[in-house]
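In this document, chain identifiers A, B, C and D correspond to the written order of the chains, with residue numbering beginning at 1 in each.
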Amino acid sequence: MLQDLREAVCEANRELPAGGLVTLTWGNVSGFDADASLLVIKPSGVPYGKLTPASMVVVDLDGGVVEGDLRPSSDTPTHARLYRFFAGRCPGRIAGITHTHSASATAFAQARTPVPCLGTTHADHFHGPVPLARPLTADEVDDGYEAATGEAIVERFADLDPVATPAVLLAGHAPFTWGATPAASVENAVALEAVAAVALATLRLRPDAPPLERHVLDKHHDRKHGAGAYYGQPASPSPS
Amino acid sequence: MLQDLREAVCEANRELPAGGLVTLTWGNVSGFDADASLLVIKPSGVPYGKLTPASMVVVDLDGGVVEGDLRPSSDTPTHARLYRFFAGRCPGRIAGITHTHSASATAFAQARTPVPCLGTTHADHFHGPVPLARPLTADEVDDGYEAATGEAIVERFADLDPVATPAVLLAGHAPFTWGATPAASVENAVALEAVAAVALATLRLRPDAPPLERHVLDKHHDRKHGAGAYYGQPASPSPS
Amino acid sequence: MLQDLREAVCEANRELPAGGLVTLTWGNVSGFDADASLLVIKPSGVPYGKLTPASMVVVDLDGGVVEGDLRPSSDTPTHARLYRFFAGRCPGRIAGITHTHSASATAFAQARTPVPCLGTTHADHFHGPVPLARPLTADEVDDGYEAATGEAIVERFADLDPVATPAVLLAGHAPFTWGATPAASVENAVALEAVAAVALATLRLRPDAPPLERHVLDKHHDRKHGAGAYYGQPASPSPS
Amino acid sequence: MLQDLREAVCEANRELPAGGLVTLTWGNVSGFDADASLLVIKPSGVPYGKLTPASMVVVDLDGGVVEGDLRPSSDTPTHARLYRFFAGRCPGRIAGITHTHSASATAFAQARTPVPCLGTTHADHFHGPVPLARPLTADEVDDGYEAATGEAIVERFADLDPVATPAVLLAGHAPFTWGATPAASVENAVALEAVAAVALATLRLRPDAPPLERHVLDKHHDRKHGAGAYYGQPASPSPS
């Protein structure tokens, strides 16, 4: 069932430790099949080196396991809530989600501060600051914590385009990123960690470092993602 | 003698440099056999790459060598004191101890500051701040320094649960962590270093970063370690 | 066409991830053939591991593709502008340019601060602070952004010697470095990132750290690059 | 000539990049043969991967090349001055010197601040702060810069024991370390970089972090280096 997606999700999960994004088992990647309305996700607490396509778990958008011998990631309800949101907001554009606790992005999440856009490196991937979702109340935590996490992200994107800004920070927690494929969501996790690390260093050097000028922000986003994009090769509009 | 434990302790020690936790020979892991009331520990000053199960040293809880050709770690009396404490406080729960000088945790120890719980990453492993044991007096240092180190840790845990908070910082020195097995104690050393590194980055970004809300702290601890834990797989309640 | 230069440029590009200078595809190296007045550059958006000499793109100094199946780097007009400048200012001295978003150098670029010369490590490679080029106006960004980037660098070097100071920071963007060959430009990118990282650490420790004394700056530059240079071996005046 | 020492010096130099201590060719190790009153040192500007025992250069204590086809390190007069000093002050105790530009130690050198002793990790290797030698005057730089560098170190150790404190920082430059053998001097370079990195992190967390208590400093030094040392194995009093 969903063999290609199982393979893509397995491979994307295995990239997490190679990319320096995770410690121990602190992270997971999922993929979404819009036709079947199912997602494929990492099993909970299993080391990356032991993952196989067959050990991935197939889950429906209510979080119910459809196929798989292992428990899905404990963060599955968050992923499911996000795919429901993306299906309504930008159908067919997002089919992969990555959650990590990568160090620099998590520092911003713990400081409860968006990652400001201080340079073109950031603008190439995220069209403006990476936003911060609000902390959850005690009631939300008690009653479906992981689904409420997804709800807080959806709430934060009420006026934001999730395709142009494919990342969010959870207050006191860590980042989620997404993309057109599971691999693209990992690439955005790599980009987020890199720009967060440089932002940390920039702010230490100059706490009042100015945001990137709006015209440069738009230019960098458009030359890579806009209608007249000229970054990368024409045959592969979203090269890795 | 204690061949399985020798192998587990040897392997756990060899993980220290691979995990980026030690420089030169600055760290050691021990394991405890409750039936025999003996501990197995790294020999002093031997490079990790040269360790074999046969070179591990078997020591009793008074620190006397029972089997082994080499001197045990100079920190052996600290380990022995802790196993005696754990045997009384939480029998059967802790059978591995790791001591490292990992960089970020040691920075907190040298700053003589507990590692605050600023996020869920921390809460997944340590149920609250990682506490700081007091500095030793000149008399304590003169008369059985390493045993006195253990005594200061025991004193610090008078009102703390060592199972829920499996780590401590020694003022002006470095961390100790522990766990159900030697490998689990190394895993907690990895987790401590990672959360300390992110805490350092968070506090540089925002010196008054707020502690994680109590309800989120409890939720993350309980979903992994509580009676109704649902993180990881049922067959392996403490997955790595 | 220009087979030797294709190979040198391909190899230099492949050194970027090995040297820790780039994340994803954020960087490119070019080489210049003065006789043909052509440059060879990385194709846009192609992962370093997939580069071959044959996939490099040959471009003239107006940015037109002369040979190659792939689009050249989107930064090509910046490289071309610089080679035209170097050809007039210091003919035959510079035949390689490297652009990266390496973390510490980019932090200075984002903080819009030159990298001060705080020590001999810096002086061995750059004869004084690494300068900052001004931000571009909205009009410049709209009308030939990448060429205007080159223009701003040229403007910044009106009173500076590009051979003695083979690097620049672009405000809100990242560094460019250059050298006698493509490999030498990468070596200067490595040196810039290293000295920027140490400068960041120095300034955190002591925000008013003094610049290196002028007589030491000149001595270190001259013993390596001056007429009576005695660093390295006589047969290879610019050893790597 | 001095074949064993050539091999030891070559191997020690090759450890520098493996230990993360050097960028490009920024570092060198020498060894001293007291009977011959000769030193063996890395050739200048040669990459570490290309070093062989045969390419090492044999030099007398006036800096004259005795055997070797290549130029010795440009820092040779500094090494020679130090061996002359050690021969008088602590004959037979020091036969290896390492010079690096390792990042954290160099940050202290550039900030012109000794590395304070904030913890036991430091005390195990250096019996107190790692001192800072004064900057050189313009005259000293003009007239035998590298020998004057050695002279400034000797001046700084007028009242310090180079065996108990086997390291120094040069203002605006970088560290030198030494030890009983070339390998031991590299080990001290590794230790210095590690304790400097942790000191940087400690001081960022708490700028007024207290020095290690004197009684703990002495205890850690004595248990490893004193008459009744019990760290390491009796058969190998200076284990790595």
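Everything that follows uses one rule, which is that contacts are C-beta pairs under 8 Å (C-beta built on N, C-alpha and C of every residue); 3 or more make two chains touch, one makes a residue touch a chain.
Small disclaimer: the values here were computed from a predicted structure and weren't measured.
> So which chains are sitting against chain A and chain D at once?
Touches both chain A and chain D: B, C.
> Please flag the chain sitting at the greatest distance from chain B, going by CA centroids.
Measuring from the centre of chain B, the most distant chain centre belongs to C.
> Once the Cα atoms of chain A and chain C are superposed, what angle does the rotation have, between 0 and 180 degrees and to the nearest 5?
Rotating chain A by 90 degrees superposes it on chain C.
> Could you put a whole-Å number on the gap between the CA centroids of chain B and chain D?
33
> Using Cα averages as centroids, what's the distance between chain B and chain C in whole Å?
Averaging C-alpha atoms per chain gives centres 47 Å apart.
> For chain A, which residues are shared contacts with two or more other chains?
204
> Could you list each pair of chains that touch, in label order?
A-B, A-C, B-D, C-D
> Within the complex, which stretch of chain A touches chain C?
It is residues 118-121, 124, 187, 190-191, 194, 197-199, 201-202, 204-206, 209-210, 212-213, 215-216, 219, 223, 230-234, 236, 239-240 of chain A that touch chain C.
> Which of the residues in chain B end up touching chain D in this complex?
Per the stated touch rule, the residues are 23-26, 43-47, 70-71, 74, 101, 103-104, 106-113, 135-136, 138, 141-142, 145, 172-174, 200, 203-204.
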